[in-house]
Amino acid sequence: MADSRYVRAINKALSDAMAADESVILMGEDIADAGGSFKATRGLLEQFGPMRVRDTPISENAIVGAAVGAALSGLKPVVEIMFMDFVTLAMDALVNQAAKSRFMFGGQASVPMVVRLPHGGGLNAGPQHSQCLEAWFAHIPGLKVLCPATVEDAYSLLRAAIDDPDPVVFVENKALYAMAGDLPDQPGKAMIGQARVAREGSDVTVVTYGATLFSCLKAADELVGHGISTEVIDLRSLQPWDKETVLASVAKTHRAVVAHEAVRSFGIGAEIAAVIGEEGFDDLDAPVGRVGAPFMPVPFARSLESRFIPDAAAIRTAVQACLV
Amino acid sequence: MADSRYVRAINKALSDAMAADESVILMGEDIADAGGSFKATRGLLEQFGPMRVRDTPISENAIVGAAVGAALSGLKPVVEIMFMDFVTLAMDALVNQAAKSRFMFGGQASVPMVVRLPHGGGLNAGPQHSQCLEAWFAHIPGLKVLCPATVEDAYSLLRAAIDDPDPVVFVENKALYAMAGDLPDQPGKAMIGQARVAREGSDVTVVTYGATLFSCLKAADELVGHGISTEVIDLRSLQPWDKETVLASVAKTHRAVVAHEAVRSFGIGAEIAAVIGEEGFDDLDAPVGRVGAPFMPVPFARSLESRFIPDAAAIRTAVQACLV
Amino acid sequence: MKRPAADKHIGGNSRLLDLHRTMLLVRAAETALSKLFADGEIPGFIHLSLGQEAVAAGVCSALAAGDTMATTHRGHGHVIARGIDLDGFFKELMGREGGQCKGRSGSMHVADMNLGILGANGIVGASVPLALGSALAHQTRQTGHVAVAFFGDGAMAEGALYEALNMAALWSLPLVSVCENNGWSEFSPTARQFKGRLVDLAGAFGIRHILADGNDAEVTAEAAQEAVDHARAAGPVVLECITTRWRGHFEGDPQKYRDADEMATMAAGDPIGRSRARLAEIGIAASHLDMMAAEAEALVTGCVDASRADPLPDFDATLADVYTPLGAH
Amino acid sequence: MKRPAADKHIGGNSRLLDLHRTMLLVRAAETALSKLFADGEIPGFIHLSLGQEAVAAGVCSALAAGDTMATTHRGHGHVIARGIDLDGFFKELMGREGGQCKGRSGSMHVADMNLGILGANGIVGASVPLALGSALAHQTRQTGHVAVAFFGDGAMAEGALYEALNMAALWSLPLVSVCENNGWSEFSPTARQFKGRLVDLAGAFGIRHILADGNDAEVTAEAAQEAVDHARAAGPVVLECITTRWRGHFEGDPQKYRDADEMATMAAGDPIGRSRARLAEIGIAASHLDMMAAEAEALVTGCVDASRADPLPDFDATLADVYTPLGAH
């Protein structure tokens, strides 16, 4: 166990994957010389050279399009899009090309590529540098969508994403990059599609992912004082997502709340809540609560953003609401 | 009452809006001389001239970006993106610019623009010419999302969209363009956000939008034979959507099914079902059923696409499932 | 069905004969497709390259095994010239189980990974970043291969082309960008949509630009060889082939927007007429040339019959193949 | 706070004095911002244009009322030179209720519709299509105004620029595309990212290209006047201003990637030092020039104090303002 940080775990996963498989290459803006805006690729240029660690021009569409062509030609590209908000410029490459090529080509080819997308607020970066758009990708057949919350998952999920033969949208939370945590000396690779019970409980199930996990755990702590035992599930994988683990927990607790940082309306939580309501109908003793950002662009001012991002209090309130 | 067609209603709405307000202009690929790939803009160049009806280059990103700039400078642009699948090239302009400008600028400006997006299958147009991506836009604060199913709504909703001060994503269904229907001689303008009870019933509520409305009505007819009275609600507006009408119906029928052509997973139906499950919890006698396309790209072959698109049988089955 | 081999016995003229044979095959295939489409035997819509056969034959004649290519919605000629199994091609367009892509893609996404065909594409301009990435793979993996991007003149307006040209120049990638310039973008003359000149755009990035008469197979083949050699040795190159679109944008397009003379004079530039005349000049018997055309048509007829007999794709198997099956990799 | 009026009495030199005053204001504002940021009084991140003041002052000096502009993440100078209310500007960057955008946007989206400022932008390259559309509105509505798009040299790699240049040329729109070429794209020399030459790109579309020393306010002002006149009369034009980024990409960037000499020699090209020297030459008293600088700093200090005293934005009011209130239009 070495103590590490979320961003260092990403960095180590990239480094280990590149060492293990020379077909893995990196592309992105200022990822080579500068080591990335969030330093996730620091040192990799020196380690693997300019052929495999490529600083690109500011051309998101062509970068991701090139990744698809490279993935169809023997490489495993890992692309960094500096802020998830900029993936709006690369949606054709991701959605019309990467996601569909294997299917469209009759299964002749796979598209082994990863697009790393830092999402989320907390940096007062404003409306165009803070969005959580993962729900878009979860809706697209052919893409897989992962979002690690812990230092260990940042490593193990990224290794799994790079090993995966299909295109993976890898969502990282900017506010977590500096977070400290333990990383085993020989960290493993995760199984895509498996959730993790982050905290066991018996009264209510809180389903979450990404940075919101920590608000959920905080809320769970606080709820103990109110005599409420909260089970917290970290999805880790959003597409596919671990229905079995979620439904099994709800069968035990009979109550559920889904929480994430993304805008609540038409967010990831809608699908989770709908499936719990449909397949867990008989288990439910209360409506499935949903916690997410209010329906507005991410505001800049501290006083606004701090209220925009769902916090432990919001989760606590939602949990208590389904227990009255 | 003149008998018209869905595409002619679109055409008349554009023509009437341009006649009523000279700040309304049209932009798109082959919309002027050729009158549009689906003929929605036929005759408008002759009527309003090349300044207001502009054939653009194949540059989706710049077209929509220019529409935003024009909307901020006194025009009301209506953009045609030939197939909704191509909006993947214009997501920055729509999501980062159009949707957020009013908010980001502190309410100084509005962005009165409409982007027309033909979606849906049935033409065997294959994986890159058939998608239903409306759920993406419903998730974005600042955008409004409409989807007319009838000839009259095609007109009245488009007029409302063009009059609206905010950016509207206007989703048209390609398979409906040729559909005949009545259009009043002085058709009105719809109220954005109001659903329509397309058929009254007492046993179950089916919530839908777009072309799937007709499969729902067909299913409702067939269900009469099984002694089931089905209420069918056509949402018409997806963002905002008419929660009140939907919940009122469920309070009456105690059962609900949500159906659409878009992929089921993480689709529009997820939010509708989640809200019914949450706010209509005590009214529900059965889980909310969801009908949508299976989790795959839209396949080309007739034998595949016909099974891909949800039909009346699928809706009937879902309704019956929530009545056992 | 196997294709007839090149007439090696004719020695020095074998290349022209091969080009001629390839064009005959594309011509026969698309002539059949036009009829099949009119008869409702082909779902969706198809964009034919009749009149543009010399570009497909010429460019692909310059490619070696291992070279890759990405093409457009008007890509039938390219994939046939590259050697795609004609049987699987027809079955695909007719939506059959035995189709090259199992009936999932149709005309607009035909691909053959064994031949390095990264697919036709339904998105205008998308072929260029795809080929760029393939070229990047060739460079990184030191395969010595080149990647070809076919794109139309209308696609020049897409930013994707521009971004890709810059990256190709920046990394001096073995990318051959082939502009199939037929003067039309759907129903509009491209001149009414695009103000740039490709030669100047390429020049702005220091990329070599080669212009060719895309209605002459030999000229195109030579230009393509020059372009491919340049790409292999020195990095990106743009090959612009001036050619003629005979049919509508898609089958069923009445082409009201084209004036009579253009339609009338079109046939004059027929690339197949030209190569046939030249072959006749150098003494290839008319009977032999007729036989070649007949062979191509027979091959196509066989594929069409086989496609009609082929079963329809199975839905459940299709649904199960969205992601790579575990263990397949 | 009202800004001091132009010294009309100095007649012929009033333009240089105005440019100088504008640059002093930008310099004072951003110098204060740098300090405020270091002290944690400014949330998020800010990109300063210190060293680039001549571009902002010069270009905006050529604009008339009604002309519009869209700018970039490095847009403080542009909006200040255009005349934005400095009080609202500081309140915005400090996240206050009285901010120009009510504290919702911060540095990267400052806008003022009354001045035709369509916003700074967090998306590299996005300013160009926005200004293109504004120019289209000017043409359609026959306002006689021009639209200006500021963009950086790194933004040249975005397809949006290319697509917009083509459309501007196609429709001969009154668009002035101003490339603020400081040689850097974040932490990389742009030469390592972009192989194209802007003069050739503009040329490929038949768009006039004007080059200016962006560290000289008068030279830039004249070039800008020429560009704006051209746009008003004859359509699109590209103005490339060569300038120098003094600070890091954003405040807090240690700039390890820049070598010592560059950092050392930077100050030599100081646009304000230059204009001050020229004003001294033509006899403006040092005392007067010092007073001008003091005025600018006083103005800024006042704005900073007012911002500190300003209340924080109200969340519920903000949430209620995502869409246009009914009846507002």
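Order as written gives the chain letters A, B, C and D; numbering starts at 1 within each chain.
Definition applied: contacts are C-beta pairs under 8 Å (C-beta built on N, C-alpha and C of every residue); 3 or more make two chains touch, one makes a residue touch a chain.
Owing to the predicted nature of the structure, the values given are computational and were not obtained by experimental measurement.
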A student comparing A-D to A-C should find more C-beta pairs in contact for A-C
Comparing centres built from CA atoms, which chain ends up most distant from chain A?
C
Computed distance of Cα centres, chain B from chain A, in Å:
30
So what's the Cα centroid distance for chain A and chain D, whole Å?
36
What whole-number Å value describes the gap between the mean CA coordinates of chain C and chain D?
47
Centroid spacing, where centroids are CA-atom means, of chain A and chain C in whole angstrom
40
Expected list for chain B, residues touching two or more other chains, is 56-57, 59, 61-62, 85-86, 89, 92, 96, 100, 103-104, 126-128, 141-142, 295-297, 299
By the touch rule stated above, which residues of chain C touch at least two different other chains?
99, 103-105, 109, 121-123, 157-160, 163, 166, 170, 192-194, 322
Can you list the residues on chain C that touch chain B in the complex?
43-45, 95-96, 99, 103-106, 108-109, 121-125, 154-155, 157-159, 185-188, 192-194, 257, 312-313, 315, 318-319, 322
Within the complex, which stretch of chain C touches chain D?
157-163, 166, 169-170, 192-197, 200-201, 203-206
Residues of chain B touching chain D in the complex
23, 25, 51-52, 54, 56-57, 59, 61-75, 77, 92-93, 96-97, 100-110, 112, 141-142, 144, 165-166
Using the touch definition from the top, list the residues of chain A that touch chain D in their complex.
29-30, 33-34, 37, 55-59, 61-62, 85-86, 89, 123-129, 294-297, 299-304, 307-308
Show me the residue ranges of chain B that touch chain A in the complex, using the header's touch definition.
61, 85-86, 88-89, 91-92, 94-96, 99-100, 103-104, 126-128, 133, 135-136, 138-142, 239, 262-263, 265-271, 273-274, 277-279, 281, 284, 286-290, 295-297, 299
